[in-house]
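Once you scroll down, you'll see the structures, which are given as structure tokens.
Paired with chain B in one complex and with chain C in the other, chain A is shared by the two complexes that follow.
Coming up: the complex of A and B.
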């Protein structure tokens, strides 16, 4: 096992980096899209139900199925993986962002308006900061989930640690089958733990002391 | 009431120094608000002049349109028709956000943004107006001082680290931040306990003495209206004016049955809200200063026939009101009790409230900077009520 890792050291480090990078970029893009969608959703109350249903159904959609659906559009490669991971990453963030933005006290928004804050200023300086802890919780869920989805993306030649898992699967019974699977799985868990720790630190730094749970 | 702006206020005579008016006149002209889908307008043609530098209280039963009327002044609600002018300028002709930055807005509980510090909350409007950082910082300290919060202690606190009364004070400071000529208040002191409310009202009055803004304040509490208002606007359903006059007239000569019912019975009790503590005779029981000899103090009190003494600190501020038997040791030490006192500008109503919760049957009165002035007791209040009743009989 140790030799297996040492031999493929550079390759493993590269794939780990690729995996983390794929998830980080996808979650970042997903956050921007989800928050923008949530802003629209809370403005049009009728959409709130739609958003909930979409994220509930979206999460039941098997990743393999989605990747299959995407293939004709984006063909085999990094793009398909990225799109699939981003799609799933949006859902938990969207759900939390809608709840978070809705939770902001109406009277606070009215007093922002009463002081002459424009729509954008009120959103950026009052509503999003107050919803941020809930949104960030969504980002954490989303990041964890994306680690697994990114592994599946390897099936269509997406980058990352998923390659090792599939390599293990095709070699079942072979010499290094278990090594491949273990390196892939443990690698993903480690990346996920590190990412979660980083997000916790981000929370410390970015959630106002005035609303942080003590 | 006439105010001559050409003359500088005379500060040599009179007991209080009149500050110059910094408020602006507000005129509502046939203002209507009709919500779509409702048969009857929420506000049916309201015409009203609010003189510069006065506090006008809007009061009426719930759903009478008082809050709607208030919110039309800063266009949080757009009137269906009619015009509103502030200092002669039609509000509808200005950009709504620019307009609101020139009108202070204070609502129940202060409505502070919980994710911003006290300083940041206060700085919101000045920042939007593009003030320089140093000017904003100075303004924050000045305002915290004005609302009796120590800037060094409270500037960097978050709202959740403040009591309800302190939050409300910061709310008032935030409303005053950019020195707007007009301040709108929507039940500002509704969310605090009665004693804190009384203090906040007193503070607002003393701030107003200094600033002379035009303040429009919605309340559901007739006592608050009588206490704070230079004028009271009593509204009936549809924001129809039932009466618009000074508190004295509203209480003494209600325009119709509606006002009479609304003002309620016990109007001589309500008159207590019109009289300030400084207008009645105070008594002067024995006082002692921290550090004095206890034996000496006891001798003095017994000579006066007092069974308790008021203890002042070195700067003449009352600190405690113990019974003689509670005085122990050789010298008078500073008491630790939480003494509730009333200001010279407090109403007799507030004083009565304080007296009822005091075991001494009186309330300690303080003047500027918390200096001890004397004690107001039940006799002073009953004498006053008797005088009012006699006057009413004549």
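Coming up: the complex of A and C.
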């Protein structure tokens, strides 16, 4: 096992980086989309129920099914993986962002307006910072989920560590099959744990001091 | 302009059925959570599934499919893949409940209580394992087949039920447990008659999460020769036939929606009346 890793270390590092980078980019895009959607949803209360239902139905959709649906549109390769991961990453963030933005105390928004803030300023400087801890929790869930979805996307030549898992699968019974599968699986677990730790740190750094718990 | 959603208590308190024994104070509890989005989730999915499935049947009967597509999407093989998928899901979910609920109960009793953060922590890390990796590694260890897939699905589905069982039991008001003891109930009786009934809503929401995870992950069972609807998608990808892969994907999505809906229904039906 050790030799296997040492021999392929460059390749493994490259794939690890690819995996992390795919998830990071997808989650970043998903965060932007989800928060924008949430801002709209919060303004139109009738949409809140719809957003919940869409998000619940979307999360029910199996990843492999979405890949099957996407393939005719995006063909084999990185794009399919990226779109699939982004799609799933949006849902938990959207749900949390809606809840987080709704929870902001109306009186605070009133005071922001009283201080002369416009709609945008009060959104950017009051509402989003107050909702941020909840949004960030959604981002953590999304990131965790995305790791596994990116692994499945490797089946249609998405980038990343999932490749090793499928490389192990086709070699089953042969040399190195277990090595491949273990490197892929454990690698993804490690990337997931590191990503989660980084997001926790991000929370420390970015959550407004006034609302930080203890 | 008030752009906050209207407070939910308005929407429901009225539907509160007065079937509780004694005083029927409409507490904002379980049943009053039958708010708009819960209601939507109970009504929309079955209708959606019925419409899309009808569309699929119509398409399957009228589309001009070539020989390969005809044989891949033949009704009898579709039904057996569907049935296999259901078997995988039900077998794994049943095992999940049988394993996770007693384990959760055990981890809230006596000294084992101290272990529960550790177990949940390990389970959390385990959840970070990609499902494909888990299923492939298990196939290497135990060989291809139905039970290999089931074991992987169980490993994957245990966490939500375990976590919710522990949370649910810990969330029971200690004064109620005390009251049960005061009535002369034994520990077992308190567990069965007070703690578990109060924890059921939380546990069942974990069961629904597990059902969704399991039915989705069962799509990957085809990689270890355990069949299921994933096989249709897989064949579609391998042969690069768009119609086959999309057909498989649609069928899986419908089944997943239906299972999620059943989970919701189960959640509602198992809710103890007093809550």
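Quick note on the criterion: the second predicted complex is superposed on the first by the 214 of 214 C-alpha atoms of A that agree within 3 Å, B and C clash if a C-alpha of one lies under 4 Å from a C-alpha of the other, contacts with A are read in each partner's own complex, and residues count from 1 in each chain.
In the analysis below, contacts are C-beta pairs under 8 Å (C-beta built on N, C-alpha and C of every residue); 3 or more make two chains touch, one makes a residue touch a chain.
Everything numeric here is computed off the predicted structure, so don't read it as measured data.
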{"item": "Chain B versus chain C as contact partner of A:48, first or second or both or neither", "value": "second"}
{"item": "Contacts of A:208 with chain B and chain C, given as first, second, both or neither", "value": "first"}
{"item": "First (chain B), second (chain C), both or neither touched by A:181", "value": "second"}
{"item": "First, second, both or neither for A:30, with chain B first and chain C second", "value": "neither"}
{"item": "Chain A residues touched by each partner, larger count belonging to chain B or chain C", "value": "C"}
{"item": "Contacts of A:126 with chain B and chain C, given as first, second, both or neither", "value": "first"}
{"item": "First, second, both or neither for A:117, with chain B first and chain C second", "value": "first"}
{"item": "Which superposed partner A:20 touches (first chain B, second chain C, both, neither)", "value": "neither"}
{"item": "Chain B versus chain C as contact partner of A:134, first or second or both or neither", "value": "neither"}
{"item": "Partner chain in contact with A:102 - chain B first, chain C second, else both or neither", "value": "second"}
{"item": "Chain A-touching residues of chain B, taken from the complex the two chains share", "value": "74, 76, 96-102, 105, 107-108, 111, 113-117, 124-125, 128, 158-160, 174, 184"}
{"item": "Chain A - residues contacting chain B, complex", "value": "107-108, 110-118, 121, 126, 129-130, 208-211"}
{"item": "Residues on chain C engaged by chain A in the complex (per definition of touch)", "value": "2-6, 36-37, 40-41, 44-45, 48, 125, 127-134, 136-137, 139-140, 212, 215-217, 219-220, 223, 230, 233, 236-237, 242, 245-246, 248-250, 252-253, 256-257, 260"}
{"item": "Complex contact set, residues of chain A against chain C", "value": "42-45, 48-49, 52-53, 56-57, 59-69, 71-72, 102, 106, 144, 147-148, 151-152, 155-156, 162, 165-166, 168-169, 172, 177-178, 181-182, 184-185, 188-189, 192-193, 196"}
